[in-house]
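Which chain is which? They are A, B, C and D, in the order written, and residues in each are numbered from 1.
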Amino acid sequence: MHSFPEHLLKGHANFMDGRYAREKDRIRDLASAGQHPPTMIIACCDSRAAPEMIFDAGPGEMFVLRNVANLVPPYQPDGGQHGTSAAIEFAVKALEIENIVIMGHGRCGGIRAALSHTHTPLDDGDFIGKWMSMLGDLPAQLGQNALLTDSERQTAMERISIRNSIRNLRTFPYVAALEKEGRLAVHGAWFDISTGELWVMNGDGDFYRPDL
Amino acid sequence: MHSFPEHLLKGHANFMDGRYAREKDRIRDLASAGQHPPTMIIACCDSRAAPEMIFDAGPGEMFVLRNVANLVPPYQPDGGQHGTSAAIEFAVKALEIENIVIMGHGRCGGIRAALSHTHTPLDDGDFIGKWMSMLGDLPAQLGQNALLTDSERQTAMERISIRNSIRNLRTFPYVAALEKEGRLAVHGAWFDISTGELWVMNGDGDFYRPDL
Amino acid sequence: MHSFPEHLLKGHANFMDGRYAREKDRIRDLASAGQHPPTMIIACCDSRAAPEMIFDAGPGEMFVLRNVANLVPPYQPDGGQHGTSAAIEFAVKALEIENIVIMGHGRCGGIRAALSHTHTPLDDGDFIGKWMSMLGDLPAQLGQNALLTDSERQTAMERISIRNSIRNLRTFPYVAALEKEGRLAVHGAWFDISTGELWVMNGDGDFYRPDL
Amino acid sequence: MHSFPEHLLKGHANFMDGRYAREKDRIRDLASAGQHPPTMIIACCDSRAAPEMIFDAGPGEMFVLRNVANLVPPYQPDGGQHGTSAAIEFAVKALEIENIVIMGHGRCGGIRAALSHTHTPLDDGDFIGKWMSMLGDLPAQLGQNALLTDSERQTAMERISIRNSIRNLRTFPYVAALEKEGRLAVHGAWFDISTGELWVMNGDGDFYRPDL
């Protein structure tokens, strides 16, 4: 066991002197009253795509699930231990979240792995391979299209995957029911880690820049 | 499909005018050069416990997995789709992360659910129940102890769970091997969402405040 | 009989030149008028946990009982010679104290002895064993819990013991009656001998830091 | 349960800003290394006679037992739960204390109660009466002497009681043995709460001022 990383200790000191000092009352109220975030974000683990940074969000504002490539599996109660499904269940049924945003991003390593023609497992366990297999034959279907550059194919797959996750999300009975009642909204978003641009998905599954 | 949440659009505009404007060069370099975060954080989805806030971290600084109650399953390649294991595999084998921090926090809803004597599933699917079952009989063992107040039992279980996750993390062969070689360090941490205090785990599994 | 310890003589000279010289009038008034401390502290003998130091208290401010592990027995007039009960009786009935604080502390040797699985009496008389037996089977109950580290178990037992002493204190008829009338308040506190932190007990028996 | 007394919280803040801030390193070392005080003081609960004040002592310097009238019972392993004996056992056998000082003081309420001709119990339980009965017929013997003023009788009884406690202390086999070997010294002292004077006992049981 090494000593705790110095950069984290220093960062925490900055937090205490900065945001915590400024927002102490609100943070304490949040702790005692409990969280009531209006929004759940399902995002990637990538160090360049933190939802709180992208949306300039403070404590209590968003319930955040982060897994590799921001995937959502279909509703399968008899399947394995689905950490993602557990977070969705908690957000919708316990926290009564009003919005779920599935947010992908550019240059995603998980999507790149899924697209690689000759998948070389990182390890015998190959958890990445198994996890990305949730995309089924979508990468293979896209990969056959020789008209796209690698970069275009990558972005395309990132967005295809968001649409796929939204489909899966709607297989959760309570998600579908609440969305029908107008009490829960499901959104797709894609973040460009280079330009900072945010693209959001419309009803047709297309992505556009809402600030333009 | 509702229109994209206004608070997110406004937050993104703040990001563009603020951090992005100030750190544009660095953010673009990160996009083109790829991420090389030194640290992986395994944290909870709770809206009050964002690692980037707690450690005042900017883009590129930490690879962040967030699931309910920051659990790590044991190494089980033949088990279900382990999103958590995929993230660990990616962080260690592809990104060559130097530190993994499992960070729990106070008043964790997942831990509270695990401790409740009469678990009432939020839904027939009961993903929360299945997910938290990763703790095995630890909650029951602790729950039998009537000497602790509810609050003390909650904190104790949050820390016991961190130790359990660290044990599980070390069943990943490459984690154990790299740790032995001194190339990877595994840490435990616990964040007090009310006081802002950070507690870190020492070699005995005890938690202490490094800033004191 | 050795000569009186030099360090004590020197310390007393410091007291005379310092506090006594400065507060002579108040100290003399206190001697002639009698003591009317508002608060009784029941603390441990430990050399690192003097109540006057912790609370920066001067002469006349606190009536202080100190025994091993700051224990309070239940009200048992027919039992043995209870020095602790005599002090409580004097404080409440003669001095009309308004507050009683039972103050435990970290790394308490008495609590450690009570928790040790294989109690080895320090002496045939085993006064420590008899004295700590006031905790009944609480240490055994807690000791069976293998989930806590030694350090966590120690802190937990220190706080369980404070709650137990408060329960015992309330078996004194006049304590219960005066508390009901709002003329006497009973408090629990725990002092961290390393960080200097003071934790106080709330109505649920939980300990928190009032300065945060 | 009232809120924690304000004067104690304020005092603790003073301690943190003052002594703790100045002696942080030493205090922390004491916490981790354990206490090794050279001296045990057996003193009274009186708010005007705190040993740490009288001897200007800091953390780690003295192991302090405080009961009503600083009494020591004889060695009686088959008697009741003797908190005082437990503290002596711990100090001598576990901490290997080098000095034990029994320190009485002027205008002691417990001694005054023992001397009153017509003892009126403060409460049916009469713990004070039972506790002070440890002095046996000494108060009665002294009380028959009409030549002393009340004040003189009071001071005399305070010193007689110290000598009595020293006799009782020497019935503890290990105290007697270690004292004989020159490894433990037993002392008597008396503090004048008005003038601040310290009187110490010589080998004949007489009290004198060492600073004169």
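Everything below uses one rule, namely that contacts are C-beta pairs under 8 Å (C-beta built on N, C-alpha and C of every residue); 3 or more make two chains touch, one makes a residue touch a chain.
Chain labels with UniProt names: A, B, C, D = Carbonic anhydrase.
Computed from a prediction, not measured in an experiment: that's the story for all the values here.
The minimum number of touch steps separating subunit A from subunit C is 2. When the CA atoms of subunit B are superposed on those of subunit D, the rotation angle is 35 degrees to the nearest 5. Set against the C-alpha centre of subunit A, every other chain centre is closer than that of D. Subunit B and subunit D have centres, each the mean of its CA atoms, that are 53 Å apart. Centroids of subunit B and subunit C (each the mean of its C-alpha atoms) stand 40 Å apart.
Centroids of subunit C and subunit D (each the mean of its C-alpha atoms) stand 15 Å apart. Taking each chain's centre as the average of its CA atoms, subunit A and subunit D sit 66 Å apart. Looking at subunit D, one finds that none of its residues touch two or more other chains.
Chain contacts in this assembly form an open path, with each chain touching only its neighbours along a single line.
By the definition given earlier, chain contacts exist for A-B, B-C, C-D. Subunit C makes touch with subunit B in their complex at residues 138, 141-142, 145-152, 156, 159-160, 194-195, 197, 204-206, 209, 212. Within the complex formed with subunit B, the residues of subunit A that make contact are 1-2, 4-5, 7-9, 11-16, 18-20, 24, 27-28, 30-32, 34-35, 37-40, 45-48, 50, 52-68, 71, 73, 75, 77, 79-91, 93-94, 99, 101, 106-107, 109-110, 122-128, 130-134, 172-174, 185-187, 189, 193-196, 198, 200, 202-203, 210-211.
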